[in-house]
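Across the two complexes that follow, chain A remains constant while its partner is chain B and subsequently chain C.
What follows is the complex of A and B.
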């Protein structure tokens, strides 16, 4: 999968990113999207102990929480990168929230959503090389240290 | 740079929690970073955001002793809070603290540590977020992103009532409660415990404020809460008082229990059922070693089977599967009518380590 590592943090080139909120969006064939936390986000949070998403059927505006996670002694939101409705949550996170750490772009996805206006939502996110550039700037600006990957994490050569 | 300082003085238990939540929710782009000091005037139990109140607390005891229960929006475990603690709460704009959560605690703990040192207590940062003195925890901390704000909270412990904490926590049996009581007394410290007297809270505040200024390289400007912040606190309090908020989390039912006394000390109770026998292991684990171990049936009494010297041989050993297995193998033949086979014994003992890794996030 096309990707780039910036300071050890993996950024996939085929995803759309809300860089400031550290979330990603994958466009699915059926018109829905899958949403998750980025590798940068899981690294900043540390090992995640709990994750609880809002239920299916919940409408969310961009920037509002779609899930709450706890790592160590920190609790924080995963913010919606789009305007839309949650249609599915990743039930596997209830018993193994560290899937977000080990597999942020695959098994650790957080929710699936249906956008109110997908074209408009995606145009407000960054994609491909633009995402790489944006993350390089963010990692430098925020002085983000090298990403840690816990045992069993997905590997990207 | 100026950071706002609000000394809220003595406040209700609920208000001691709603202040930082309210300030975070009321924060706008132009709100100054804020440090709050507050003393809860009445005692309560405070549970972490993801905790199941029914699993964590002896609700009958809490009701009998009129101990309210507050679910906070920061992480960590259940704590007993009363007027012997001075809360320090940082409600900051995103981006002021370092980006990595672990580093928030490094920064936040520094002025706490320096303040304890000023009073002659050799405090130090321990593990991810604790402050210890002489191997005992002397500050409890928690953190959250609430709204757009980044929040870190902690407390100076002037004195610690371990009795309420011991009785209020849900435990599987009396022996566990005994071990818990001893653990809390042995591994939680306070100004009083360390110094033999209580320092003047005003002096603690004065020294702490100086140390925050030094750590952050800012000046703390005394201020008051705004009307909007008071309204936000009241809104939070209405939410926190709702039964459905306190009982929001329901985890799967089982009797197994693991309590973190501090980052290096864990008290666990695990069970295995086989052929009508319920075998349990009560283990105190210190720095990844088995410190105390009691194997019994569910009722907390010894079973009709005998474990020989298994318990004595395991005490003091590192919590590593290969070590535990070698001891179980060596002792197995001497055990009489063992209801478990070797793999099951190893699994029972190691379950505590696995649960600790899950709870702490670190292997």
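What follows is the complex of A and C.
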């Protein structure tokens, strides 16, 4: 999968990002989207102890929490990157929240959503090379430390 | 159950002399803020002294981490948790407004009564 590592943090090029909120959006074939936390986000949080998503059927405006995530040193929201409705939550996170640490872009997805206006939502996010550029700037500006990957994390050659 | 929009008041009476009692109230406050609740942390009695400039930096529960009590206070403010301090308890510690870290509002004793009555839940430490 096309990706780039910035200070050890993996950014996939086929995702749409809300860079300031450290979330990603994957467009699914059925018109829904999958949403998760970035590698940068899991690194900032540290090993995650609990992840609690809002239930399916919850309407969310962009910026409102779709989940709360807590580690030993941090607790905070995962903010919705789009306007829409949660249609599914990743039930696996209830018993293994560190899936977000080990597989932030795959098994550690947080929710699936249906957008009110997908084209408008995606146009407000950054994609591909633009995302790489944006993350390079963010990591430098915020002095984000090199991403740490716990044992069993997905590898990107 | 959706608790978004509810009001939580956290009352902190412990200060820098009891480090292990300082982090958790702030952590709970941040958790509530992350859940879209309105959160106020009210510092009174000994709790007031952790807001004195230069004091919170000295409290570090985990020596392997660079997180101090000052970090926790700043993270709480960044999470939109309101930090407020009791006017009368400032005098107890011989502190003035200029001694406080930035971002803390001073209120009188009547305010804590109003805030308690307006809150959906009060957590007392």
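Please note the rule applied: the second predicted complex is superposed on the first by the 156 of 157 C-alpha atoms of A that agree within 3 Å, B and C clash if a C-alpha of one lies under 4 Å from a C-alpha of the other, contacts with A are read in each partner's own complex, and residues count from 1 in each chain.
In the analysis below, contacts are C-beta pairs under 8 Å (C-beta built on N, C-alpha and C of every residue); 3 or more make two chains touch, one makes a residue touch a chain.
Computed from a predicted structure; not experimentally measured.
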Do chain B and chain C fit side by side on chain A after the overlay, or clash?
clash
Touch check for A:48: first (chain B), second (chain C), both, or neither?
first
May I ask you to name which of chain B and chain C touches more residues of chain A?
B
First, second, both or neither for A:8, with chain B first and chain C second:
neither
Look at A:73 in the shared chain and tell me whether it touches chain B only, chain C only, both, or neither; answer first, second, both or neither.
both
First, second, both or neither for A:151, with chain B first and chain C second
first
Mind working out whether A:128 is in touch with chain B, chain C, both or neither, as first, second, both or neither?
neither
After the superposition on A, what does A:64 contact: first (chain B), second (chain C), both or neither?
second
Shared contact residues on chain A for chain B and chain C?
68, 70, 73-77
Parts of chain C lying in touch with chain A, wherever the complex brings them together:
2, 27, 30-31, 34-36, 65, 67, 75, 79
State the interface residues of chain B toward chain A in the complex, per the touch definition above.
48-50, 73-76, 95, 98-102, 104-105, 128-129, 141-145, 249, 358-363
Interface with chain C, chain A side, in the complex: residues 58, 64-65, 68, 70, 73-77
Complex contact set, residues of chain A against chain B
43-50, 52, 68, 70-77, 98, 142-145, 151
